[in-house]
Amino acid sequence: MTVPYLTPLTPEQQRAFGVAEPWPLALSDRVRFSELDPLNHVNNVAYLIWFETARVTYFKHVGISRYADKTVEPRIVIRRGEIDWLQEMRADEDYVILTKVVAYRSTSFTMKQEIVSGGTTRATFSCVVVLLQPDGSGRMPIPQHILDHFHEVDGVSQP
Amino acid sequence: MTVPYLTPLTPEQQRAFGVAEPWPLALSDRVRFSELDPLNHVNNVAYLIWFETARVTYFKHVGISRYADKTVEPRIVIRRGEIDWLQEMRADEDYVILTKVVAYRSTSFTMKQEIVSGGTTRATFSCVVVLLQPDGSGRMPIPQHILDHFHEVDGVSQP
Amino acid sequence: MTVPYLTPLTPEQQRAFGVAEPWPLALSDRVRFSELDPLNHVNNVAYLIWFETARVTYFKHVGISRYADKTVEPRIVIRRGEIDWLQEMRADEDYVILTKVVAYRSTSFTMKQEIVSGGTTRATFSCVVVLLQPDGSGRMPIPQHILDHFHEVDGVSQP
Amino acid sequence: MTVPYLTPLTPEQQRAFGVAEPWPLALSDRVRFSELDPLNHVNNVAYLIWFETARVTYFKHVGISRYADKTVEPRIVIRRGEIDWLQEMRADEDYVILTKVVAYRSTSFTMKQEIVSGGTTRATFSCVVVLLQPDGSGRMPIPQHILDHFHEVDGVSQP
């Protein structure tokens, strides 16, 4: 299978990757040499960088920020994260990063992310993201079109 | 104050750093240019590397592993971590990484870590560490002299 | 154009990428958020990691090392490198890493690498690679099948 | 010896570190776990980050830029670098990064840097740095007080 790199995968491509229930955003990538530690496994911290790459892609894709103009775009801050490293990864493995929003409040939301490779989940991450005013002076309410995305694409069922 | 770099700080040095209640292991360091993100703040992932540096120092200091011989030393695996990013950090800030074990079971233990700078806590990390046999074949019980360290130095009160 | 990620590109795919004269090994990738510096440009050091990723792929592809068994495979050491940063790169840019060997001696060889994006060369790297015995005890002659690759695929014209 | 971390070392401290002829700027640091590669050596790229850390310290120290206001401070660009990796480094080694300017033209200058550990030089780096206008629109002449520093502190003997 040829996997398009860092481009959102279709549900069919996700299933071919071993993701039984496709997510709204799935990006594939491959382990690099620089991510290996002295035990020849992927370093624990590398997963956090993968999750970050996918979150930024999500934020741009959804329209929260284009990371282009700090004077008008919200400042996106991660307040808290929980990570489970479930199964080690090794050199050259292909993997997919799954990302979606699962809940929100007026100025913050919770994201879930997973790393899947070879049909098994290798790591999961959950984090709380806060939107601040561009100058950092206070919270910024989540715009309605973003809330719509949370509901319609990511399947968030609240309020 | 001249702070000895990456060398365990004395209780007095910790207090001078703004750590009101000194921890059993405290290491100081400074933000580097490569750790800054496009907003000129320390990148979220950099904190995880700082915590890792301090954990490895702890493991060597306590005698869990010298990271010298993979055929006889336990394989140290982090299963789960929780991080709170509390206050942003910037270029050239000095900080201290605080590390201790707070609980254990027969083959795993829980560590707490904090980043303190300018008298305020910037981030906290809690993780569960598991010891495996050198070949990864199964769990390895925590040696008694390590348990003694948990009790006598880190102040773990169990069982 | 859908570009296969970190998979050797065909000559036709390279031309579509703006590489007028295709190289024997071309790998495509994309700038990540973590590679940006406070000026929102790709950090100088990130290019070195890209070149490293491509070199390791080259070494595995050609059969110099599979990075699987340190007791029998040659130790690959870079002795000297020259880099020119020609034009800055920014978030989300696609690029291709071009890699080939251009000269060799009995136990070392010279590699050339380039980063091309949007039809222009962004950085070039040239380095001298030495093969050592697995235990680091001395130089290792380049095996004949590797020399054949240098000649037949990379187009090295010596001896 | 207690070495002050990332603080310019005195000539006496440099000699204690094995630097026979002290340099105008010397900063000490220590290898971290995250800088090790699968062979348990310091990764080639880590040296480039060390050199970068010292260059930024130099630029701030000398007054070329405080990295505080992009609208008025010169944009500092590295055009070309040459690195020699001379002797491998391992976990926990202390080292010193030596930095000075050795030549200049009206809008650019050449820096030399070295990594010394245990009395031996482990890597050397030479690079050409260009000053651009804050908006990147063109070259910026090196201010006279910077040229004075090149002559009086770094010992540049030209023009």
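Just so it is clear, A, B, C and D label the chains in written order, and each chain counts residues from 1 on its own.
The rule is short, and it goes like this: a contact is a pair of C-beta atoms (placed from the backbone, for glycine too) under 8 Å apart; a residue touches a chain by one contact, two chains touch by 3 or more.
It should be emphasised that the depicted structure is a prediction, and the values quoted were computed from it without experimental measurement.
Placing every chain at the mean of its C-alpha atoms, the farthest one from chain C is found to be B. Between the Cα centres of chain B and chain C there is a gap of 36 Å. Here the CA centre of chain A is 26 Å from the CA centre of chain B.
Multi-chain contact residues of chain C, defined as those touching 2 or more other chains: 33-34, 38-40, 45, 49, 52, 67. With chains as nodes and touching pairs as edges, the resulting graph is complete, every pair of chains being joined.
Those residues of chain C lying in contact with chain B across their complex are 33-34, 36-40, 43, 45. Across the interface of their complex, chain B is touched by residues 38-39, 44-45, 48-49, 52, 67, 70, 75, 77-85, 88 of chain A.
Contact residues on chain B toward chain D in their complex (touch as defined above): 2-7, 28-30, 32-34, 40, 49, 52-53, 56, 60, 67, 91-92.
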